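Next come the structures, one after another.
What follows is chain A paired twice: with chain B in the first complex and chain C in the second.
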Partner chain A sequence: MTQIAESTRADIPPQAPTRGGIGDLLRQTEINFRLFGMLVALGVILVTFHVWSGGTFLRPENMMSLAVQASGIAVISTGMVLVIVSRNIDLSVGSIVGIVAMTYAVLMTDILPHVVGLGVDFPFRWLIALVLGVGLGVGIGALQGFIIAYIGVPSFIVTLGGLLSIRGVVWYFSRGAAVTGLDTDFRLIGGGAEGSIGGPTTWLVAAAASLAIIGLLYYNRRRRRRYGFPLRPMWAEVLLACLGVLFVLGLAWVANNNFWPRGAAEQYARANNIEIPAGGLFIPSGFPYPVVIVIAVTLIMTWVATRRRFGRYVYAYGGNPDAAELAGINTRWTIMKTFMLIGGLCAIAGAIAAARLNGATLDIGLSYELYVIAAAVIGGTSFAGGIGTIPGAVLGAFVMQAIAYGLSYVGVNSPGQNVVAGLVLILAVGFDTWNRRRGS
Partner chain B sequence: MSGMEEIAMTDQRATPLVEMRNINVAFGGVRAVQDASIELFGGEVVGLVGHNGAGKSTLMRVLSGAHPADSGEILIDGRPAMIRNPRDAKTYAIETIYQNLALADNLDAPGNLFLGRELTTRIGQLDDSSMESETRKVMQRLNPNFKRFRQAAVSLSGGQRQAIAIARAVYFNARIMIMDEPTAALGPAETAQVHTLVRQLKSEGIGIFLISHDIHDVFDLSDRIGVMYQGRIVETVQREGVTADDVLAMIIVGKRPEQLTSLEKAQLSV
Partner chain C sequence: MKTSRLAIAAAMLIVAASCSTAAPATQPPVTDAPTGAPTSVPATATAEADCTVAVSWNNFQQPRWAAHDQPGIKETVEAAGGTYIDQDANLSNEQQITDVDTLISRGADVLIILAQDTEAILPAVERASQEDIPVIAYDRLIEDPDALYITFNNVGVGRAQAEAILAAVPEGNYVLIKGDPGDPNASTFLPQGWDEAGLKDKVDAGDITILNMSGDSWPDEAGTYTIAWSTETAQDNMEAIIDAANAEDQTIDAILAENDSTALGVVAALEAKSYAFPPLSGQDGDTANLNNVALGKQYVDVWKNARELGKAAGAAALALCEGQDMAGLTMDEGLVDPSVAPDSLTAQDFETPGGNTVKSFILKPTPITKENLNLVLEGGWVTKDQLCQGVDAASADAPEACK
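For the complex of A and B:
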């Protein structure tokens, strides 16, 4: 009896959870304090605009178009995290988006159907264009990365040069003209009513994601138990599972309460001989493809950053370049790969942008670099190197977009939006710096 | 000592674990290491002493692959070895514990211990659980009080960081260990711990190059002492054959005691 009592006492950690409060809750559940703070900030921003707009802002259609607008920046920011974590910068992302988007447009409208001779009706033209475009993005990244890592020119200079010269190449590429009229399949990548996965699929995806969350929590707990490591309290595991599932289902609910525009729905009904009900036809859109892409990229990049050797080396290099080198890591190749990766992500963002526009203009992707860097930094990436998370940067992108979208929704013009965005960037990083200094 | 042991000993002495021959390193016009030759046998500690800039660290950086030699030869077990980078050095089971405790500050203990040689699952995923488990095992041996397995290295003390650096060498079965000022960042208790560890590693047959400013460290631990002066190795002496004053004289003047002029002797004894 005494033995049991004693062992129970020994199990209580030195700082027993008697203090309560939110800090303790976060500690017990091992929720990342920064990410939690950003989610709260995002919520506050959305609610503020809801009140400001007289209660019309928080509607599914607004949330979905906000998410679609943030998607390109969010996708690239996941790569920018790794670039900044390894003490570099990529200023050329906007120009890479521009040249890749123009490549898609020229390939689909001219080169593939007419020059190569696949014809106008060839079905997989969009896929060929996509593969070539991603290859181009990775290739540009490889070239810049090689100059930075192997020749040793500072990344700021190399990518500043890239920013200027690649944008110039776009002009030559299209002979100064905008190119429009992309394949209909390709345009789905840009979202919209057709470019969404639909209601039932959305619920299926949400259900699968919920199961995956529970499965991962269970798997990790079992693993830690097998090795005899300290475990989270059971209530914390249950709480995490509930929060995760609620979050996923909430997203799906929002997506499925965003309906097809009336015109599109009626057209669809006529085409399929469906009778339009008296109250109007409501077809749930579900997740738009750009949002699906953002979710997939976030998951994959988080996995790469935290569960792969490459990611570990990027962080190690950022923390101490000498230590990484002395540990036998091929640091140059690691750095070059970060630039190839961000080049590929620019190509994905370029596809979303071109698909939304149904073509490419000369200024597509213009000043993306600023928003991407801002998103990464607001998301907690430090220019000192070694610190930054992928989900943080994605949240950062959504925070930036929420502010821009909200301001334009309540009627603030674009210069005003820029003023606020700039101030928010400085405030966010200032707060973070102050918080870290206090913490250390 | 019986005859058998003597024979065994000479046999062991026949092929050094490491033999560095006529190593030269220049940084621009500065000849950091000039024509330096040194040997290391298994189960032996060779102390390297000298002023700042005498070339001790540079000579060892050549062996650890951190800096290539301009000329010279390295033999491991009597066979020529190509050491062009730290990865090559690791293939010869050469592990280095650096003066600045080369750790990535943002990674935790397992992350640092396995840096560059991570354990992975079958599909190439980092296996953090087994890395943490292995780290717990090896730290249990080296520093049983260590509990902060999931904290970034930046929040650890000098001794804890040193323990991780040494654990890295021990875990990967180093045969040749280079310790560059291993106790410089440590307090007295932690220094004593390192001393115990060095003796233990030595008894396991590991050859150790020990760079230190602390002449007591060197006399305490070394079997032989190599004195460097302006990039050259003045002399490598048996510890029993010299006094601390002899070694200090060599460090300061760069000559063997018997070569000192009476004037230099007079200056030194003041």
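For the complex of A and C:
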């Protein structure tokens, strides 16, 4: 026992011999180049639109609009990664968003007040609707997952059927009419001036995140040392810590430089007896709730995918289904869980969409599946199975939305946006496939 | 053994496929009225008991058709002893051609067609004319000289929208939100109405600036199209437009949205940006939008009392069934509300963009603003609860109809 302890402390294996050069230095930082490449691509896209728009694109308000618009797709794409990694597909995500959003609307405007008797003033009525909606999403996912995993029908077929039939069911909720007028607290989920966490909280979140990054790097280094893995050079650790903290603080700065619109600020000032200074009252909005939801979901999903058995089972099955089965993994239950998980995520995305719209329409969530799959794939998830990262998918969602929003902003019409989105998808995945082939 | 199994499987597939194309199982109910079971036959009714009126919908899922058009047609037909049958094409051109075939096989005497595409429907119309079945083009134009065109004046809808908004905001910055680029209403008729109300003149004179031009060509590149008239797409597009306007320090003074589903997205975008509500137009009289008019979030909603349109089509169908000539077709006085009825009760000539001349009944739309919301209540279009949801009846801003 002590022998091992001594050896791990004394004989830290030497790091790979360095030959100098930038390539080597970069390799020592162990940055995931694919992810980094996508960040760079996102930056290039944003700068391109900034130049195209004559220098007005990169403003905090616009970046927040973009982030809120991307949030629904980003949330679902985290679940889609696990589904695609395990060699399945879910085409019904858009329809699940549609039916759950309509459920929220019908619950809050009709069933809860008129049938159950919970008036507008009932505390947390919106939360009841939210829980029921998430339950519905998970339930639909469970049903589809059961048919796929236990009965063995291919996921393409089952979810294609789901796509059609679920969208059809939505019609019966309101005979096709839009249902509007949701609870004010629920609407905060959709972002906007009041749907944001505010300046001080944003700095708190940023501080906590920075500490977490530093803590993680430190903890990681300690574990490596303990188990005898090669360590990153100290300068690399410091560099990563600095980059991470700067990034997080930068995001918080952008969020806090997005101020309440003047009308809303003045209304708030009057309501709270605050004097309006000469230049106007600037209330920082901070992170909108949808963005907070995306961050939270990304962190939880990444943790599930990398640190929980369930996540490892999913990757194991995706990499080699037979080996996973033989190793004793309950593969069917694992697969069913991936569909339940994505169903729940669709319900959350549906909440964001319904809150943004203050209601639900027949076509809410239409075509989401295309963008979600595109986001996951751009983020590095392979249809062959076994490969894919959650942060990559979220980044992919933001890349796609940056293009859509940017084109809208500079005035390119909707059909043009679709043309570009399709081309970007082919380019991104093509480049990645070519890169992988080159590397192997 | 293997080949015979394959043969059986193939045979089953073929049978299944032909079954599914013969009876498209789409969502809305396909109803059949019992033949010869009139609910109330007016004393002057002619023997129309064996007239089967067949309707080919293109998108039954949109709320208006089930709620207003279908009852209008169905009740008129059945009250005179006719039979009503229908099919829905669910936005597919191919499906609609199949639907028309199916309706003809089911014994249609007259066809009422809501064409998904004005030219793609022509093979179906040709088949109908070969069978001597008269065709009514309902709400959407069919480029065929023998089809009777019954619609609301879509150009008139655009004109009513723009007249109301231009009266409220004669000068300033406008945002144009258009519908699906493939729909001639969105690309041609409504913008034509806007221009008839004076939009282009004002833009040329410099009084009005369009903030969201995607080029210089008028009207094609004026404004932003919204694929599938989708509310979410309209919302995202509008948020980007608001951001761009804020960045350039321009205020949005008025918004011309072509219909209610896009207008709903526009309102959501305005709320997300806490923008206040510049005058906004719409079309169709959807419940949520009429509620927005009551709340002051939408300025005008051009309402087409689709039930009246249905009645007109139903009555025309019955007349054609009897063998009346399309040229001399006359609407009964009092069949439809006088404010909605066309200027002349006899079928008029209409010049189509494709160069055909068709017989037509063009009904008039009704612009609804806060002041005349009572019309939609009186017409039974919405209930007071639906109309006034969230309205503070005691406040000075509240519309008369909600007090």
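Basically, the second predicted complex is superposed on the first by the 415 of 440 C-alpha atoms of A that agree within 3 Å, B and C clash if a C-alpha of one lies under 4 Å from a C-alpha of the other, contacts with A are read in each partner's own complex, and residues count from 1 in each chain.
By definition in this document, a contact is a pair of C-beta atoms (placed from the backbone, for glycine too) under 8 Å apart; a residue touches a chain by one contact, two chains touch by 3 or more.
Only a predicted model underlies this, so the values are computations on that prediction, with no experimental measurement involved.
Touch criterion met: A:409 reaches chain C, while chain B stays clear of it. By the document's definition of touching, neither partner reaches A:237: not chain B, not chain C.
In the superposed pair of complexes, A:185 makes contact with neither chain B nor chain C. After overlaying the two complexes on the shared chain, residue contacts for A:386 are found with chain B alone; chain C is out of touch.
When the two complexes are superposed, the chain touching more residues of chain A, out of chain B and chain C, is C.
Residue contacts after overlaying the shared chain place A:266 against neither chain B nor chain C. Once the two complexes are laid over each other on the shared chain, residue contacts for A:24 go to neither chain B nor chain C. On the side of chain A, the complex with chain B involves touching residues 223-224, 226-227, 229, 306-309, 312-313, 315-320, 322-330, 386-387.
Residue ranges of chain C in contact with chain A, taken from their complex: 26-28, 61-63, 66-67, 181, 212-214, 221, 224-228, 230-233, 235-237, 239-241, 243-244, 246-248, 261, 264-265, 268, 271-276, 286-289, 291-292, 389-390. Only residues 53, 56-57, 59, 61-62, 65, 68-69, 109, 168, 171-172, 174-181, 190-193, 260-261, 263-264, 353, 356-359, 361-366, 404-405, 408-415, 418 of chain A touch chain C when the two sit together in their complex.
If you check the complex, the residues on chain B that touch chain A are 64, 66, 85-87, 89-90, 96, 98, 100, 102-107, 111-112, 115-118, 120, 124-126, 129-130, 132-133.
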